[in-house]
Amino acid sequence: MSNTINVAVLGASGYTGADAIRLGLAHPNVRFVALTANSHAGKPIAEVYPHLAHAGLPDLTTVEETDWSGVDAVIAGLPHATAQKITRDLVDSHPDVKFVDMSADFRFRDPAVYSATYGIAHEAESLQKDAVYGLTEHYRDAIRDARLVACPGCYPTAALTALLPAVSAKAIDATDIIIDAKSGVSGAGRGLKLNTLFTEAGEGLSPYGVASHRHAPEIEQELSAAAGHPLLVNFTPHLVPMNRGELCTCHLRLADGVSADDLRQILAERYSDEPFIHVVDKGVTPKTQNVRGSNHVEIGVFADRIPGRAIVIVVLDNLVKGSAGQALQNLNLMFGLDETTGLKQLPLFP
Amino acid sequence: MSNTINVAVLGASGYTGADAIRLGLAHPNVRFVALTANSHAGKPIAEVYPHLAHAGLPDLTTVEETDWSGVDAVIAGLPHATAQKITRDLVDSHPDVKFVDMSADFRFRDPAVYSATYGIAHEAESLQKDAVYGLTEHYRDAIRDARLVACPGCYPTAALTALLPAVSAKAIDATDIIIDAKSGVSGAGRGLKLNTLFTEAGEGLSPYGVASHRHAPEIEQELSAAAGHPLLVNFTPHLVPMNRGELCTCHLRLADGVSADDLRQILAERYSDEPFIHVVDKGVTPKTQNVRGSNHVEIGVFADRIPGRAIVIVVLDNLVKGSAGQALQNLNLMFGLDETTGLKQLPLFP
Amino acid sequence: MSNTINVAVLGASGYTGADAIRLGLAHPNVRFVALTANSHAGKPIAEVYPHLAHAGLPDLTTVEETDWSGVDAVIAGLPHATAQKITRDLVDSHPDVKFVDMSADFRFRDPAVYSATYGIAHEAESLQKDAVYGLTEHYRDAIRDARLVACPGCYPTAALTALLPAVSAKAIDATDIIIDAKSGVSGAGRGLKLNTLFTEAGEGLSPYGVASHRHAPEIEQELSAAAGHPLLVNFTPHLVPMNRGELCTCHLRLADGVSADDLRQILAERYSDEPFIHVVDKGVTPKTQNVRGSNHVEIGVFADRIPGRAIVIVVLDNLVKGSAGQALQNLNLMFGLDETTGLKQLPLFP
Amino acid sequence: MSNTINVAVLGASGYTGADAIRLGLAHPNVRFVALTANSHAGKPIAEVYPHLAHAGLPDLTTVEETDWSGVDAVIAGLPHATAQKITRDLVDSHPDVKFVDMSADFRFRDPAVYSATYGIAHEAESLQKDAVYGLTEHYRDAIRDARLVACPGCYPTAALTALLPAVSAKAIDATDIIIDAKSGVSGAGRGLKLNTLFTEAGEGLSPYGVASHRHAPEIEQELSAAAGHPLLVNFTPHLVPMNRGELCTCHLRLADGVSADDLRQILAERYSDEPFIHVVDKGVTPKTQNVRGSNHVEIGVFADRIPGRAIVIVVLDNLVKGSAGQALQNLNLMFGLDETTGLKQLPLFP
């Protein structure tokens, strides 16, 4: 069938890779032709992810042993650093393949910021110029024509969706942006870490990466561009005892003469035609339960008790709109499909 | 479009009703034309279930004010007792409508057992003869021709799927069946009850309805029929601190000459062509995480340490295969569609 | 024994009342002589709280039927509005009894603020002048001599412990205080509410009372007093899927010339002799897991990415230091005991 | 002070070690003089367990560097295999020290069963004869005089407390014992394992070690002794998404002429004088919430639907009565103290 997209998933053993597979299996055009997971090569996917059994997927393989003939697109859920080398090699050797990368490796326009943030030199700088930042609603045209899309981090997707229109419209003071962020545990990945054990993360709330999280420079890159000058943000993430879901509470100083209602209106107009971004009515409070498992985003705007301030709350599913769902949304654009194809599943509640 | 099924959901404010809507929205033939919730009539569904916003659904209404013209099918998620009266009246007045009932009201062939179990007289006994017990894989032919399908309870769906083939094949001692059952909290519904508060059900495990749960007589009805004689079962449910998921651990005495491997083989053969029932390989352990949000069932069979005994473990999502998913599966049969239509969503994990 | 304090708990069926009993049973001087719960009068406490069985407690009774002879102290965990009337009557009729009230009814110095916040007239205004705000570390001397102590709300206890020294020292801009607050579900009490069902609050994060929560005016009352002028704060609470625990992330603008390290030093010095308040070292992040079930508070101070700003994180157990533990701490002071008596239990982890 | 017990905790970085410290800090006679954790030696305990900060504990050290002078007792929370070698060496070199071991290494009377169960040779067989099985209520006299007490596993503590009196009284068929067991995640320890990540264990229920769990032979050892003949049991554990708590649902065939009420009476009489074991009234259902964080055990007895069968439900906190609490209970006996010393803390609920 001519409109089938043959997709290879790199890093299929991570949560973002697995969710790309889950979503892709409901996509009428996507066919998974290769799934790599180097440490699990040779196994059926069901041994690593039993929930993906019964779907007729190919066995796991290594990147090296993957048969690239016929592959149209790569969705990569590799760890940062790993991603850039593999992508660089593949881009060179397979000129017809399009790449959707869910790692951090191609998100920064300035390799120096990447190096400062991730603590390693960038080994594929030449690709930077080809990479498009994959925040779909804000880079749609460039994504359509891109060969390599760097999907934003989950927190940046949430924060920027709420803040970019406000900064662009100069509706808020861009030097006084506070993003109090909260995420479910899947955001930390499937690696074995003490703080993500059930017994450590359960029945408790723990801040982490306070003022030092790697998503802050990514948010700052985009907001600085929108503001027209460099800026820093407060970014304070917390680990919440839930599997999925992400919520940013943005505490903002309104520009002179702008009210919270004005700000809501700006956001509502900006996103009025967007299928996945919903600015809820005054008085309605978004919560992560509303978007679990789906590509939807909800944004609510509240007047603060302190005059001249507003609170913007944004929620999404960190693995879907925060990663694999946005990856598929971008893939749709890159292949000329309706952007919502395969992404119409409603949230799972309760 | 000729193959559109116009569906009214009665009891749309309950969890089973809401999950029927969630699933139906992904069904290519289902169109929701009425959603009733008498205590919320007049509200948009998004006020009651924000996760169902953005789907173009009709507002909530009462049963009485529902416009039945053009309705092809009813999916009812009403409480028991309420269901029978409304169904009786509708069946009489709307001869062309097909009914899929998710309540307990039409599950019992013998109204006396219903009355003894639910503590009220049955007010629609005449409908009993029309009602088909909607355990799809075991009553498929009758469901195809039925006008009224009574979907099994969530626990009976799990237990019977595991046990019916074993009893029918006389592979186990039908007088010595122990069903140690565990369910997530959504099985208790959306009503306000002390024991389902987060603070009461969280961080703890609590048995309930020990030897007295209403699903036991329902399981016994079906197993007695398969065994050819009346029997009682041990049925011991526990409330688990999770939203969705149900697991029955069935402790069984094997018939003479039958091994656990034989029993696995019997189940595997019985379900080899079933799209939703999966007998996992020897050594693999089902868990509820594998089926969350989906219509899939997994069954594992283990030899016990005690010679001559086996353990059969079965998992499903109580709101999907245990209720709304099976309801749609039956609806598909009743309207001549492929049984898996609209039910191919993979489980959500993590 | 002369140093036994005979205590009546009013509202023993609520979570704060129950936790006062749990803690009091480990207190060498406390003897519970009456437990009231009007809707459960006549029952043994074990029917309402099985975890309090086996402790030799008196059966539940009504306020009206309580025998006040020999009662030395009342700990009241009644709902607001109810508390004020009962307290007023008891204070008049039992001049020798001391009162520790955990409700909101006597927290406000200005009855008009109470009425505006709680939507009802105050019916015991004459008692206001006798009531001492029971934030132990800040009103210790007054509490010692008080007849009626109004324990602060759980959020105010957390926020004020972090903020009062900073405002008093003029180390921060008191007009730009942002309190992003998060609480476990027990903070909502044992009443039956949809949003505190396991299925609604579990696996999700939901803001509530944004800019309108009743604890904001209480925080403002105390911070205004410390600042010497009226002020408003941003107060944005969120419901976290855990039973116990409360965390406030305070986003603050530092005064000119004050660094985050200075602010940490101010807090550390202020609390250096306090047995329950711990300012953790630079680089250490408080989390609610560290204080679960105990009367301890942890405070951490971080420099923000935005120059001139700081982040102060404070954690406590909402039912202990946030309510029943602080009530006992105050009771100890009122009866001349060491303040830590009965409160030395370490946190329960995991 | 003459009645101070100087205690060294070996394996202080594990959950059982940490809970022994938490409980011991509330014990009037226990003084912790050494805490070992070889991989964390040199650190303050607060770095490994922040909830144990503020208690004046010694820093972590290695077993090798521990100063044994003045040590009266060892509580060991080491992994099996590690425990036996260290214990053997210490027992030889420090004849005045008493040992309470929480590992599996000295639980089996027959080293061959140990080897078969744990897959390694026993390296301290000579100590077997000195070791007493530390199920307090059943080996109290021997524990008083023991030098080395091997505390039972958490599941065996629960199951044997429920079953030993029934088997001893020949009230049940000892060849037909089914133990359907459920545990919180802390039972799996603090090691990094995929299945105990929050994202893997949360929102789901998973059986494990079906018919092959290491606690089954331990249960069988004790029940065989009570029955007077070798026997096997069904033992089927499940991992429940909660931190603490363990529940065994025992499905039993009653001996001829014995009713469920008789069985309840047998258990009630057996434990009538026990401070920690509570047989609840007919109709009351134990749940893990009732015992969280405490040394208490609750047992409920129910008639089965199947005539001649009964269901016995037992709950405890796996880290307390299932491990560290029972260790302290045994320590009390070994040092001539009241058995409940330091263990009177009530459960934490919610």
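Labels A, B, C and D are assigned to the chains in the order they are written; within every chain, residues are numbered from 1.
Here is the rule we use: a residue touches a chain if its C-beta (ideal position, glycine included) is under 8 Å from a C-beta of that chain, and two chains touch if they have at least 3 such contacts.
Values in this document were obtained by computation on a predicted structure and should not be read as measured data.
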Chain whose average C-alpha position is farthest from chain A's own: D
Result of counting contacting C-beta pairs for A-B and A-C, higher pair: A-C
Distance between chain centroids, defined by C-alpha means - chain A, chain D (Å): 45
Distance between the centres, which are taken as Cα means, of chain C and chain A, whole angstrom: 39
Chain A and chain B: spacing of chain centres that average the CA atoms, whole Å: 36
Interface hub residues of chain D, defined as touching at least two other chains: 15, 185-186, 199-200, 202-203, 241-244, 287, 289, 292, 350
Chain D - residues contacting chain B, complex: 175-176, 178, 180, 182, 184, 199-200, 202-208, 210-211, 216, 232-236, 238, 240-245, 247, 249, 251, 285-289, 292, 300, 302-307, 309, 311, 313, 315, 350
Residue ranges of chain D touching chain C (in the complex, touch as defined): 15, 18, 22, 25-26, 49-55, 185-186, 203, 243-244, 278, 284, 287, 289-294, 296, 298, 344-350
Partner chain C, residues of chain B touching it in the complex: 15, 185-186, 190, 192-194, 196-203, 241-243
